[in-house]
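You will see two complexes here that share subunit A, one where it goes with subunit B and one where it goes with subunit C.
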Partner chain A sequence: MTSDLIGGARNAATGFVDRLVRDYSGLVVCLIALFLIVFIAGMVTAPNFLTIFNFKTIIRDAALVGIMAVGLTFVTLSGNFFLLSMKETAALSIICFATSMSAGYGFEISFLLTMAIALVAGAAQGALIGLGGNPIVVTLGAAGLLFGLGSWWSDNLVVSFRRPHGAEWLGTGSFLGLPNITIAFILIAVTAELVLRYTKFGRQVYLVGANRAAGRATGHENFAMAIKVCIIASLCSAFVAVAFSAQVSSAHVNYFSSEFGSSGDMTIMVIATVMVGGNSIMGGFGSTLRSSLGAIFISTVDNMMVLHGFNSGPRVLAVGLMIVFSIIVFALVRRGARAQE
Partner chain B sequence: MLTLSSINRSFGAIQALKDADFEIGEAEVMGLVGENGAGKSTLVKIISGFDDGYSGEFMMDGIPVRFSSPSRAERAGIAIAQQELSLIPAMSVAENIFLAGDQVPLMATKNALSKRARPYLAEVGLDAVDPSIAVNRLSVGEQQLVEVARLLAHEPRVLILDEPTAALGESDSMRILAMVERLAASGKSIIYVSHRLDEIFKVCHRVTVLRDGMSQKARRASELDVHSLVESMLGRELHNMFPERASLKRDEPLLRVNGVWPDATVEPFNFEAYPGEILGLAGQLGSGSGDVLAAIGGASGTRDGKITFDGRDFMPRSPKEAIAAGIAYCSDDRKLDGLFLGRPIKENLTSPALNKISAFGFLQHGIERGLASLNAEKFTVDVSRMRTEAGLLSGGNQQKVALGKWLAIEPKVILVNEPTRGVDVGARAEIYRKLREFADEGKAVVFASTDIQEITGLADRVITFYRGMQIGEIAMDSMSAATVLEQITHPFPPAAEVAEP
Partner chain C sequence: MNGIRNWVINNHDLAFAILLAVCVYGYFGLTNEFFATHRTTFAILERFAVLGLVGLALTLCIIAGEIDLSIGSNAALAAVIAVRFTDSLGAVSAILIALGIATAIGIVQGYFIAYLRVRAIVLTVGTLMLLRGVALFAAEEKTVMLTDFRVPDFITTKMFGYFSPASILVIAMFILVGLFMNFTRFGREIYAIGGARKEALAAGVNLKRPMIIVFAISGFCAGLGGVIIGLRSGTAQALGLQYLLLAGTVAAFIGGVSILGGKGGVVGAAIGTLTVNFLNTGLVFNVTPAFMVQLYLGVLLMIVIMFQTGSRIFDQKQRRKQILGDVDARRGPLLARRLAAARRAPP
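== the complex of A and B ==
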């Protein structure tokens, strides 16, 4: 009787894992398992780890990189590689937002103005990529251009605006104990995942990413696709810039280059997040859910290392190791899936 | 000097060569002909050392030999020029000729290399070419000649040319043929593999025919004519493979192609397709029959021309426009642009018809499942595997999905380039049956093929192509493999050939 119960429970458990592997692919399961291992390790070794305050910190830290990574995931999934101008888009956006705020235009107008600039920047890069430009070359060029514009506009100075201001709710506000920026991250991540799964546009992202030539042959041109995904990534960048500026009530073009994340470079951190999530660099396979989990995972490891008193060198190393590890697991799981057939 | 006897080679259940014999003498040009899959390439691979998994006797100058690698065959004096060039485009002609580096001093200067390269270039008729210029500045035909010069640097006794003119135009082909004659005159033995029978008659002394892996006794080219050669190449009948043709009334054409000139061809094409009809475009590789389909399907550009479709003028600039008009185009390379290999079968089957399975931009997963299963069943693709990646299917099933996806847009015309390339016999029969059903519904099918049996077995009417030119039209009642083969390999009357010096 009891053995039956135990057996049944075991069956249910393996069945559950099987279903997880089948529906969400092995890598997500691996990531969750790894996350749990890190989580338990953190619980055992760092006394401050298992506090609600610390979890809020982890998710809040993950939010800014995470939002940008969700945006960039669309570009990667559609087979257009990466935008190397993520951080520069944010730099120009933050200058635009702060300048507008300090000029007294209020949150709404400043926000819309910033988004409009990001939209133009994204559309222009997308059009060039869609016409056949190499994404690396195009976005590297765009990066210089956008950063130069931001630097010129701000005279390379810090632009600050006085509290109280209309953006405080986004920067430092919270709702039911959760920082609003965390809520924004969750909302954006969930919306992005739903768009990918349940809309025609989402399906086109996967198809064009899986095989651009076949995409064209079935009526899905990469030109329109590249513009759309670049706009999405750019808008996410700009949103992060606005949120960060709202938090610190100031802006400087270097905010996303030096004072950010453990590796200090926002573009690198965002690309790392997409990769740690196990999205295919070649496109056509992956999801924004993976990128969101990747962001939380990196943030958790980083947090643990901070609690253990590591300085930035080893923390950057850890991010690098996570990328390498993720690529290996990704390759193994994909091969395993093929071998099963 | 080379004698192969009773060669057997099988791959799994398929026997590629059955007791095949082959021989070639000193300073002889031996033609090797046969249909696709007759065993030509297997035999060539065995001779050149790429394949040593055969049984049988292989003698060279009366001594038994067996080459376990291409380099061993090369050392014994057998060199092969393959269809794909192996030159390095940015390097100079001389550097390419001595790429292997074993015939020249370690520190040779550019001038020294050029000097050494000249005699080999002269042998292939490239006296006028400066050996120090980069290979990518030469024409494709000249590059082909450089490739042969590179082989000659190893001083081979037997040279195998595998379809050397497949990708070449008329004038470059002439240079290749002139080179073959010159080399034979200088004492080299040459095995000449080609689908182009006019070339075989021009340069070969004797011809060996392979059919279904079996060889026929080599015969002197002078004793043969095109008809008898074609007769010996064809054989096996596959009537039951092809579905019955329905009686057909042709009134108004559904698709009228008027002077459409694809970028890749020599001249514009004219033909029309009628509802209920399967029209076959017959031609060899590079004949332009596939290019015109790609042009109608919006997949490639055109210089000129007009298409009338369903009574309206129509000139698609992209596949998207063709799809919107109800024209489906399926290319000959399913891996390149026919399938999303990494995506599930279901998504492949609905990929051209996302508008049909979505409302206000949202996918209707139920409708998608229904549409995908319906078309999978029509093409007998296992419905329980709808979530499997398309890349995991066999070649035949992949082709069924690549074709089957077009049913989702309910096209009025379906254009197929090579409907059964790399597809096993069973799947082929199903694809033929499906195309026939489609035509019987009052739609039009236009397919291009290099496979003669497919052309004669499936098409209601055939248009023939030869090297980017439209040659003729063959109606149902006068259709035979021999007529088709003659028009696509040897389109000019034999009398004209004789008149040439």
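== the complex of A and C ==
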């Protein structure tokens, strides 16, 4: 196992360019070209774009959506489309965390409690999906349920807790000049990528996603897989909720709804990130690295549009165009690979 | 009596939907003295006008084996356009523009889904965001408002006791779509691509035509719903109306569609929507906050899904058992014959 890991890591390092040329079709080249064009255009036109500070801002903005997208990538890769309940899981989690913090339990207990609730929510959805429920409809119902539970618990009020509190290091602290949330994003993204590439579980995710019949024939039912990936996605949502709550020292169920960040609601932003990164939405193809890059790409574009003084309308429009563009390119490139099941 | 029994057995989904609707109505009618009154019925029909359209659109999409996630954004865009242009161009042309744009969006979506051969959820989750951006753009990030309130007054005038122009229009729409789905070739094609897409394609159905029709109707319904909401209240928000997707999906599933497609119908959509409306209105009467309504809808959807999934698994098990039984029944005599042959043959 260890030697595998080291060997794999060496291959990954040396063969990166080779693989880029061999494996990745025109799509990734397109995305990278697009990214470069945007980058250069931004560099030329926006005066404050190319500063270290702005670069840090971009990554920090990408972090929250990026963590969720990394979690959702597991679901997408395993062929279960996506969860429409990402932001609602986060909403319930943020209420849970803030209520627990304001009741005087420490950070650790609050964190574990939040994670436990997210785990139950994820496992329940995963079980229903694994039994054969349509992921979209199941999570649409779960979204209503979780959001309602969160509103009911908090009475639709803002729950706040006083500074100083035990979670400040996560929300506003920084390490080596990078905010801790950014570091958490990098750590989670790297871990997820390693898990997907070099562990048995990671390979199983790809197998179930790429060919469900083959997975079933070799004893990898979607039932267990759906539960696992939904738990991962839910835990990532809950982590984002905790980080966000630690940042603002308060919670409300609507924090992740329409007004969050810049571009509409969080769930769709996360799905957009996964898609723009170039993951196959039908499963079996893609990686969390792509999702992380997608998050940074969207964040870069958004940042540049802010620097150019655009309102929220054009910015949401830009993200929407990016999603649709990525869907169309992807469908054309991968045509026939797994069309119409 | 026997006829009723047969009907229930043949249409158990619809029978269940009717039973559920009657139960919900009965519960609120008995516990609340104002529920079963003339005014409440009018209010329920007013709600039906919007939610019914969305339920109808989603029912058609799910019959075709797809789901249109962009329905809320499409409705919001239509509402913004209708409200924004009513003052300058007059109500009729504003409505026509809004409906035309909404239908055109539906047609484009349907074309791309059939052309690219992607699942509709994949494309519509993109257009969900895209249309929201367009709506924000059209509304200039503000809440648009009417200044002339003759149009809202007209839309909410009472006619024939229980109806308003909006609800009459929607009921007519239901009847038209119901006739279309049941008695025209195009309607049957929609059922065909939902229930058995491979077989339908093999039999010569062109995937593009039914897909474009479904999404055109879906876009039209979403647009009409948005126009009615927008013009009735006189205001429209670009980020509003997102709750329609959940409510419409619940209505469609109560009405007896199956996520696998090919099942359900317009009557089911109407009854499903009415059930959701009864629940909504009844909960409002009991002073339930809006988020609790969402909670109940979520629970309802989960229960319906659990029933459907459970019954599908049960069906599969039964079928498997039957096949195994058939195999055993055939294998028995075959083995006996072979044994006899072996005995007869000299060693």
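Operating definition for what follows: the second predicted complex is superposed on the first by the 302 of 341 C-alpha atoms of A that agree within 3 Å, B and C clash if a C-alpha of one lies under 4 Å from a C-alpha of the other, contacts with A are read in each partner's own complex, and residues count from 1 in each chain.
Criterion: a residue touches a chain if its C-beta (ideal position, glycine included) is under 8 Å from a C-beta of that chain, and two chains touch if they have at least 3 such contacts.
Fair warning: this is a prediction, and the values are worked out from it, not measured in the lab.
Novice: Mind checking the superposed model to see whether subunit B and subunit C fit together on subunit A or clash?
Specialist: On the shared subunit A, the partners clash.
Novice: So, does A:312 touch the first partner subunit B, the second partner subunit C, both, or neither?
Specialist: It touches subunit C, and subunit B stays clear.
Novice: For A:272, decide between first (touching subunit B), second (touching subunit C), both and neither.
Specialist: second
Novice: Touch test for A:164: subunit B only (first), subunit C only (second), both, or neither?
Specialist: neither
Novice: If we overlay the two complexes on their shared chain A, which of subunit B and subunit C does A:152 touch? Say first, second, both or neither.
Specialist: A:152 sits against subunit C, while subunit B stays out of touch.
Novice: Answer with first, second, both or neither: which of subunit B and subunit C does A:213 touch in the superposed model?
Specialist: first
Novice: Can you tell me whether subunit B or subunit C touches more residues on subunit A?
Specialist: Of subunit B and subunit C, more residues of subunit A lie in contact with C.
Novice: Taking the superposition on A as described, I'd like to know which of subunit B and subunit C A:132 touches: first, second, both or neither.
Specialist: In the superposed model, A:132 contacts subunit C only, not subunit B.
Novice: Would you check which partner chain A:177 touches, where first means subunit B only, second means subunit C only, and both and neither mean what they say?
Specialist: Neither partner.
Novice: So which bit of subunit C gets in the way of subunit B here: 146-154, 254-262 or 326-334?
Specialist: It is 326-334.
Novice: What residues of subunit C sit close enough to touch subunit A in their complex?
Specialist: Per the stated touch rule, the residues are 67, 69, 112, 116-119, 121-123, 125-134, 136-137, 139-141, 197-198, 238-239, 242, 245-246, 249-250, 253, 259, 289, 291-292, 294-302, 305-306, 308-310, 312-313.
Novice: Once bound in the complex, which stretches of subunit A touch subunit B?
Specialist: 198-204, 206-207, 210-211, 213-221, 280, 284-285, 338, 341
Novice: So in the complex, which bits of subunit B are touching subunit A?
Specialist: Result: residues 299, 318-320, 323-324, 329, 331, 336-343, 347, 351-352, 354-355, 358, 361-363, 365, 388, 392, 405 of subunit B touch subunit A.
Novice: Of all residues in subunit A, which touch subunit C in the complex?
Specialist: That would be residues 81-82, 128, 131-134, 136-138, 140-149, 151-152, 156, 253, 258, 263-265, 268, 271-272, 275, 281-282, 311-321, 323-324, 326-328, 331-332, 335, 339-340 of subunit A.
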